[in-house]
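Two complexes, one shared chain (chain A), two partners (chain B, chain C).
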Partner chain A sequence: MKKLGLFLISLALTLTLTGQAVKAETDVNIAVMYSVGLESGWDRIVIDALDRLQASDDNLNITYKGFDAVYGGEAGAVMDLLAQSGEYDIILSATAHSDQIEILSPRYPDIMFVSLGSGNFNTGPNHYLLYGRVHEAAYLLGMLGAGMSESGVLGAVGSFPADDINDQLNAYRAGAQAVNSEVQVKISFIESWYDPQLAIEATYAQNAAGADIIYQLAGEVYEACRDKNILCFGLFEDTHKLAPEVVLSGTELRWDPAFTWVLDEWQAAQESGSFNGNTEAKWFGMAYGGANIFPYYNLSDRVPADLQEKIEQARADILSGALEVPLVLDVPTSD
Partner chain B sequence: MSELFTQAILVSMFSATVRIAAPLLLVSIGELVVQRAGIWFLGVEGSMLMAAFTAYFASVASSSLYIGLLAGIVMGIAVHLSMAVAAVTLKINQFIIGLGINLLASGLTLFLYRESFKMFGGEVPTIRPFETVALPGLSQIPILGEILFNQHIFTYLAFAMVGVVWAFLYRTRYGLEIRALGENPKALDTKGLSVSGRQYAALAFGGTMAGLAGAVLVLALTDRFVPNMTNGRGWLAIVIIIAGNWKPLPILLAVLVFAFLEAFQLQAQGIGFNIPYQLLLALPYIGAIVAMMGLRWRSEQPEYLGVPYHRE
Partner chain C sequence: MTISDYRIEKRADVGMIGLFAQALVAIALAFIASGLLLTVLGFDSVAAFDALRKGAFGTWRNVQGSLVHAAPLAFTGLAVAVAFRARIWSIGQEGQLFAGAMLAYFFTTFLNLPAIITVPLVILAGALGGGLIGGLSGKLKTRFNVDVIVSTVMLNYIIAYLLSYLLTSRIWMAPDEYYLQTDRIPQEARLPNLWRGADLHLGVALAVLAIIVLHVLINRTTFGFSMRAFGGNPVAARFKGIEPRRMIVIVLTLSGALAGLGGVVQSFGVDFRLSQTFLYGYGSAGLIVAVIAGLRPLSIGLVAFIFGALAKGGLFMQVMADVSSAIISAMQAIILMFFLVTSVLFQYRLRRVDRDV
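And now, the complex of A and B:
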């Protein structure tokens, strides 16, 4: 009987130690809650950044799994199950799930919750907020547009006036005015994520109002640009190949520095035993490699050399800190 | 304000009105026939959405816009006929089936779209949509030519169908029978005419039009499918039928008013009107509600609309 007792104790100890050995402190498993799905550029750039980090990070063994976009109580239930499973160290939401995380973060203090984009708020020490600010890149697009426009009128079609859209539109206007103080910027919101026909009609409407270069922030919608033979800019990911004859450039959002910071915070918390979540959303701009503009590809010849130089100079000034692009969140309207 | 009245802006705004009107008109005029036959089909949004996805998938897979168009129409008919089986043959509550079809379509198209996305190698394929067709001679007329006669073939078809459906409903015996179905199906049955056969036919026609409307959204007015891209247009068709008091010409008017308000708000935002754009976005819906309120006192709603017919 005594032998059996000793055997059971040693078995329990072995199992416990083995259990701990399975999960090293350098293993981090991330559950990604999509905002739409992988057909959306916003979600794809999250996965692209995780793939790059997975390949490049020597300190951490990063694994992740994506989960379908759900909202409200359903999202809360899904994240609860993910947390309960004990498989995930980080639950990363690509959308506004803070209402649900507010309930879950105190219940699972050892799990790190990360929220991307606008519409989120901090809910506790284990909740981290990130913004994908590309306003500096939008500033450069504004310069490019104003330098290329023959009419002196630029356009921009947005989905909703969220503050991480407004920052871009205001910077786009500021960049345009830096090249041509007389430039006008036309701005429309279609108030929908899902309506390419409305986005196309808004583009036609801006073109009729004189805009000959249009920034497309309401989906990768280039049909009106093709039809009217005007140049357009894309948002967040490289959409040049969708319409190579009209997509001149676009803002690039790279989550890499933001995710690296989050992973550093996670590792620090493993050592210290406590998280230190941020109340002000953190963002990493061009100087950190978090944003850029895409190459002009086959349309490069159409961009005058002096304008290209001017933009390169502005980019260098942003990187060095000599030029600080103002972060303005007010809802912009057309000039 | 004066900026709004320049020729370029007016032409753009009225051209947009005609483009926005086209899918709404197709689906509304199809549903008019369905409702005149006594079937209240709330699933028209779902039918359009299924057709839009099918048209997209088939056109990408076959590299043919025409196959996409045909597939979209066939899907519209199939969804409408599933309503026929449930509502006409099985006599299940029409509202429940319609709502069920909408929910199913929303989830199913999203699922299938995700699957197709994997199938296309993680890329979002776009299509080269149908080009506009400038009608010879007519498109040269100053201003009006650009607005009315430089549109997609489906736009001309949509407007032509208003006249066709009007002539069918009010100038043919079959049209009279369809209208009688909504008012008094027993009268037809007593004469030995098939109630269910005509309701199936009416739904097949509604499905053709809804399928066409869904396909047009993808193949002519944009260049891709986006989940839930019908964005309430099917629901709006139902509102338009009520606002148009179940008559073809007032329905055309209701569609045009709605489309104009939508085009106006887009143009006004583009110009930079100093009024809140949210108000402009709400204008079309306010217009529809006002129209409905104004028409309640002389409603032409079919007497047996939504009531399953049982032979006593």
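And now, the complex of A and C:
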């Protein structure tokens, strides 16, 4: 009788202990390392995508928390602490933290590290690389710009000649040339990832050189567009509301399919016990819902119907695979 | 009948024990004040301080992290102490730190030698880079009578902008790099870890060594005595045979070399790249560390460790207790304030005086 009692007690203990020890495999907690902070569109779209997945994913219970932008040794220390705390399953860096992840990924093999954008390299099986390619959308903007421009000169204000900026600029030109083979594209790099003031200066310079449509990739330039009464394209997120009279459209980057893939990989690793990180950054284009262009809103009646139709056709062709926008990473030159 | 009376008197010397007591009182007061600040701002101050303690000392790895944070601060602190003890007001530690890291990096761009040769070379180059800039300020003073404060501050800007130029002009930037930072420092030039699996690197050991050497140099050698004598009274020191021009150049070179080593320790031990943002702020932090430590090398080691722990623990507090980084900077300022207040208070004592009536 005594033995049975002991057995029952130990059985109960074992059950409660194992019950506690195993965290539900559908709970995933993500630490987001910002590149600048929530004032930057690049960081905001990461959070927007996580919010959408949180609401739509019935399979996983997603929670996340963002952390102040830090770089170098300090970023390494912060990510080390996040990993050490045991609270996070995924550490998602929105910037170039691979130097630091190189030290941390072997130290915390059960944690998944994800790096977004250029400047990163794989550091181990638990390190995943993603690119946010919107070159297909930039191609459509090029078509739209060339069709709308009166001067036949388009402008683009880039940040750095990084390969995830070059791809957009090259596609922008290719799209413009598809509509008007004579079109010129003025390109400048302001050598900063986000600096609206500098970008505005570059916009004035491009406008002075004839450009009457500007694609901004390094900070909102709408003040200059309003001043010069020209149209502008935004980058990554819908900025129409910021300046409804000048923002015609913009490239949209939706991390949703990329994050879904990463979360699937994470779940697979929970079952198989090993991660399978990628060395070549993965990206999900328009056909996967990873990119698009924004609607024209109130400016829609200024876009000729046949041009709208042409762009719709091109979008449909990209989605169906009939049109493949070339991915060109060479540094573009200004016409 | 006897009446007891109390008088405030100035102490002749606070002493090592007094300094330690002062540090304890200052830290205790600073924590009470920071706790109030946290509570007023709506944070759980107990949880926040617990996070701070865990982050700084919770595990052996975290203690190592605190020491790694402390190493460059110890070097810039020592650099300040050497100059200030001789009453030469050099505030060029920031520029000298940059110069040390930059000269060392310059050698790694073309040298391709095994670690056993490269690492000592890198360390020497760091001392040389900082020392040259310090010595330049010294020469400017002795040759052209340029004020040391002015020349060192100007050189801080010049060196920082030189790094900026070398990066933006892409001389030091890899062709496929878009962040303003150099290419990675090659493996054989990095300061090795002290043992397998350790986070402590050679730079931390160098910092400890520098603290001991400077302690002996300042307190136990003829040079140290001459230096202090020069600081105390340059005119009298000259009659004792101390050449002021030589002294100024030597002290500033030594001070610069120490700051330069701080740059190497941070860049070659932690960051493995050079960038303005990575190296920014160690000069001014070194000034604070040295002043709090009363310009004594051993105390500088202790204060640098406290600041390193605060930096490391502060990160943990930020991450785990959701306390924003701005509050951590405020806490550091509060600690400095209480150190300055208590350092004045501890120079005095209350004495009971008995009077017969």
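In the analysis below, the second predicted complex is superposed on the first by the 311 of 335 C-alpha atoms of A that agree within 3 Å, B and C clash if a C-alpha of one lies under 4 Å from a C-alpha of the other, contacts with A are read in each partner's own complex, and residues count from 1 in each chain.
FYI, a contact is a pair of C-beta atoms (placed from the backbone, for glycine too) under 8 Å apart; a residue touches a chain by one contact, two chains touch by 3 or more.
All values derive from a computational prediction rather than experimental measurement.
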Exercise for review: Following the overlay on chain A, give me a clash-or-fit verdict for chain B and chain C.
Suggested key: fit
Check your understanding: For the combined three-chain view, what is the angle at the C-alpha centre of chain A formed with the C-alpha centres of chain B and chain C, to the nearest 10°?
Key -> 50
Review point. Thinking of the overlay built on chain A, is A:Gln168 touched by chain B (first), by chain C (second), by both, or by neither?
Key: neither
Check your understanding: More residues of chain A are touched by which chain, chain B or chain C?
Key -> B
Review point. After superposition on the shared chain, which partner residues are touched by A:Asn122: those of chain B (first), chain C (second), both, or neither?
Key: neither
Exercise for review: Based on the superposed arrangement, let me know which partner A:Glu191 touches: chain B (first), chain C (second), both, or neither?
Suggested key: both
Review point. After superposition on the shared chain, which partner residues are touched by A:Gln206: those of chain B (first), chain C (second), both, or neither?
Key: first
Exercise for review: Examine A:Phe67 and indicate which partner it touches, taking first as chain B and second as chain C; both and neither are also allowed.
Suggested key: second
Point to revise | Partner chain(s) touched by A:Gln216 [first = chain B, second = chain C, both, neither] | key: neither
Exercise for review: Mind working out whether A:Ala96 is in touch with chain B, chain C, both or neither, as first, second, both or neither?
Suggested key: second
Check your understanding: Taking the superposition as given, does A:Asn292 touch the first partner, chain B, the second, chain C, both, or neither?
Key -> neither
Practice item. Compute the least Cα distance separating chain B from chain C in the superposition and give it as a whole number of Å. Key: 5
Point to revise | On chain A, positions contacted by chain B and by chain C | key: 191
**Study point:** Residue ranges of chain B in contact with chain A within the complex
**Key:** 3, 8-9, 11-13, 15-16, 19-20, 110, 113-114, 117, 122, 124, 126, 129, 217, 221-224, 226-229, 231, 262-263, 266-267, 269-272, 274, 277-278, 281
Exercise for review: Sort out for me which residues of chain A touch chain C in the complex.
Suggested key: 67-68, 71-74, 76-78, 80-82, 84-85, 96, 99, 118-119, 159-163, 191
Review point. What part of chain C is in contact with chain A in the complex they form?
Key: 55, 59, 61, 65, 168, 176-179, 184, 266, 270-273, 275, 277-278, 312, 315-316, 318-320, 324-325
**Study point:** Of chain A, residues touching chain B in the complex
**Key:** 36-39, 155, 186-192, 194-198, 200-202, 204-209, 211, 219-223, 242-243, 333-335
